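For reference, the structure is listed below as structure tokens.
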């Protein structure tokens, strides 16, 4: 392990050699178990090696199921699309999207989405928000608020029109009216963008959360100005809040393009997906590609995950865990006077400063609980447990969290 | 399948729904078998679902082996690095590289490599070659020769210093002397680049092949001018030519950075790797990341693949297949007066024009053989069979290829 | 004249062939006189062929005064700097600036200023304002709010951080607090800029005017955040408002860099000047150049202009004309309920729409009065008479203006 | 003079305060006379304060001739265009160009020319040459070979496709065939450019000279590939070689766009001109502008200069001086075995290294002769006397030059 590049984030920081994993736990080579309270950066919303998903995956392999099939049509992709349309999409949205199984990185789903929008509109500029995060390839990174991440591009990152997210200019500020004025103003300095890219919860940016009203107004503004709306649901989606898509609970208006990745396969297998309104499906053959796009093993597992998610017994646990998180947040705010941002199973505890956040992460690790920080400083502790965790176990883990936090704040 | 984006390359072109795969064959839902004569774009050098690799993968899953472990240190990554150092690297190179398991796309390995080089040198510009291909994210794409692919960026692609590849200006032209003059000239218009990125065989660009002399001279020129040399071995590596690394047979000088992907996992699982000279390991914690970097399931399989590759019985078949390809190439050149480029198990049959290449691909498909084209027109048929194919089967398939080709050229 | 490019703004629009000029009048080849109520875009603040300035210019030529002297030290440049320091600068600012006689275009003074700021700070980004205008070369244009002008670049224009000018987000919005928050926020998406470029009156942008309080706060914010403050005084300076520099009446804080051009020579001769705090004089020999920089004939005339401006009899007329404009503005606002923006001898009459503005310009032209429009639509009539006009003549001309305006609004 | 920015090239280097000028001489405040052997960077091809030109200029001013007339049609511009068409253009080219009097800097003429070409073709990329120099604004600078000058942009300079100038790859290399191959190759990495910008003599780049054959082939290649050909005749034009336009002696093919500046006004007054084929006049009203474009005082003088240039007595001296320079070059090459590049009245003496070039400039200055260096090192002494110099005086000055050079080379 001494030969791995020091660019790694978790390797040297945690200092343990991981070997196996099951449910919410990671086990190192010495058998020590860590509770994965951030679902490995949102990739393991269904826990590690979920027994149902794992069993089906092995079965697929045993039958010589296609693993890598370029972008051929495949039984696995068809099964996934059928299940998504039938189990997840509301009737009003069925049949309205085309699917692009993009190269398997969230940032590459964003890059692909931007291409569709740019070609469709013939425009170059891209609107985005303070505190947004969308990945590390150049176009995605240009949309990212975090200065340290953008500096690490080591190249120029043009084309972003940065707008203040809801609440950034204070609660009295009519942000959507400001967007309309600025984006329509022939002398305001903002060209009409090809796309506006948003997160309903800015997970990396500090768990800032959009209201249903703002979200709906922003999507409608995009229609009014003929800007392609793109929701980056890579971290907030796949059940992370209160539904498969994070925006499903924010009103009836759906975005023009949806980007998914992370927990999509349910098993931690690399996979990304771009869903676009049919009329936006304008890229010619080969205008976007990438070797591992639509990896069939991962797609097959993604289909299995949809069945799992729709299962009533899963939904019962899922609803229970949402209540656990809501109670946890309310209690922290009430008892400790801390701000807790977020919604559903994605929460951010705002610490006084980055130093306290850093210390808390370290103390929790000593107690075998893994969390990560977010926000600009970063000063926010992100709480994002596997959504399939046994609710009692989750409560117990959060009790340890609270106890540790109290000890630190003393 | 009607809902998939029409950007797909192979879906509509082949028009079959693939379901399973084994060895060199892909099977569609109606049970029709296709011989995969281009190893699914070089991802399946070891065939599909290689029995040894598949068995070990299932076994790893059954033991709850870690699938997604962010960039924690892991038993699987350690095993892979140990095996690579001990089974593959020559004694002179052992211990000289650091490893970065990058996000799992070839293009993202290139992006990461460029970051290391840019930060190390403090420079922005990147030297590359006519007919080069390095992927579709903006920095990688800026290095790519193909105009249609670059146009499909729908954004600006700055920073490339394009040099003529060996032979591009004719066989009498001393290309390395030209590079030295241009890159050293204070008024030549080429800033000193951070890196020079090359392929030893330009697979996508039409199978142009570098000589050992040119390759050595270019790497030495990079040292002389303090330019970071990067070999993109994504398609030509992992046994595709005559050795695990494509440049291992081109002399004793090794590049500063090596990028691998495609067949790295041996099983078609998304994985990418950047190997860099220790002194180039300059990125700070978090300066490059990506959710699926170092996916442990794929890394474990990559380690298994190293063991397979080093196995004497595998090497026997591998050597045999190299001879099969060499004979095939020689015969085509002799009998049909066609130019056949490339080396090892990577060959390019140069057709008179793109039209003939397109027709041949179509006729082969009717005979259940899958190949793809490359080159600028594209006018070259790329022959890239699984390197583990039974030699007799390979000979028979190539005989069908030659027969079809002859029929078409008549 | 049929052979001139149709890119020309005034040629075909006015349709007359100009030949001579004197004071506020332009004369065409048929002897028709036009009152130049916008001082030829602010270049002729002292009228055309001002007798004193013209006489001195001829005298300089007759003595074989150096016309083009590259950037040699010259008697004329020395004379100009001495006069500026002694007649114009307040005691607190004497000796604090270095002078760069830049190539003779306002936009090139801005380009030079940005270079000083970028080298000094080592940063790339540039902060600017809604409705700002700074010229047509790429860096200056990237700072320009007007979308049509930016589109006409026909190339990418990166690096601008656009901030809302005072009042843009409403009178209740604390704009300076917003700038501080955004520019200091590690996750807000705005990198710390090299410079912030502002106009105290946004002449091209529609005559929006900054208050002394905002101006002072912005300059102080730049000091606090170590951003180079640049005032573009190309159109609002050289006596256009109430003093030689437009910001001299807005408080005691002076900007780090001042850009001047247009009326600098007093005679319409091309000249530009960059004044920078001594510590900002960081460009090495030759890092900025341009053939016609510091043209000595124009510099000599600029020195003559300083003497003219400081002359008490000139100041008397100047003060009188300021009162004429103030009365004019007040009357329009009171009698016609029109908004009149601006201050000093730079005023903008806000018409209901662009159409009315266009018509008024045309009707005034029929009455031998030349004005131009500004603002995003453009919907504002810019009133910018030669500041040396006989006050009674100015009153009479403005009476014609008001009469025509009333007729049109009926 | 201590307050001038240290970016100045000649100020501190020469260390004298210039005051007057006449013919080939500059005079400082102490009366010392310097022979201007580089015509003040090519701006004073007709010497300083040429008596005919000066007298006419004063006369124009005395009659209140229009000095600054924005881009109104004007008597002076009309007179200039008439004279150019009738005195200078060959019959085959009459009436084929439109005229854009651009903002008065050579670099701004180039920027304007590139806009026309980019809009006309809808392309972004720009082809240019090793050792080319075209000015210091971003687009012009991106075309410039000199690395130090490009570094001094302090911003990114994209879009250049750099081609080797005639002779750069050796005398055997068929450079035009290489341009054709590269610019037509779908996988060569060079997008089809909007324009190709060239100098017939690369003055700043070291006085490399194109042959008539190469020049003609390049212009024809541009037609073949529908690339706009732009000749930057800013330094080599206006009589500097053997005719008003430097390319007039290189064959019958004329470029699509011609850029002029420097000596255009004949009197050192800032002026620039873009001549474009009528069909290229595609910019809409206002798409390019700039306050001082078409400054009428300078245009009037430019018209006077055309009359002067066409005068038989002037032509006699001009032809004589060309012979003087040719003899000088031949002698240096023969006697001192030094390479002398260039043609007409633009010559470059190639010194062994930059150090010797620097020393020679210094020694000549001590003998009251001003020259400047060029080339990448810079290692070339540029000889560019006023073309109207008395031939005997020129011979005497060159004799001093040769004597000094011999002394130094000893």
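Chains: A, B, C and D, in written order; residue numbering restarts at 1 for each.
Keep this in mind: a residue touches a chain if its C-beta (ideal position, glycine included) is under 8 Å from a C-beta of that chain, and two chains touch if they have at least 3 such contacts.
Keep in mind that this is a model prediction, so the values were computed, not measured.
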So, what's the distance in Å between the C-alpha centres of chain B and chain A?
31
Measuring centre to centre with CA averages, how many angstrom lie between chain B and chain D?
49
Express in whole angstrom the distance between the two chain centres, defined as the mean CA positions of chain B and chain C.
58
Counting only residues that touch at least two other chains, what does the list for chain B look like?
124, 148, 156, 158-159
Is the way these chains touch best called a line, a ring, a star, complete, or other?
ring
Following the definition at the start, I'd like every touching pair of chains, please.
A-B, A-C, B-D, C-D
Using the touch definition up top, name the residues of chain B that touch chain D in the complex.
124, 128-132, 144-148, 150-151, 156, 158-162, 164, 168-169, 173, 178, 182, 185-192, 205-206, 375-377
Report the residues of chain D in contact with chain C in the complex, numbered from low to high.
1, 3-22, 26, 29, 40-44, 48-49, 54, 57-58, 61-78, 81, 85, 95, 97-101, 103-108, 111, 114-115, 118-119, 124, 135-139, 148-149, 152-156, 158-159, 261-262, 267-270, 274, 276, 281, 283-292, 295-298
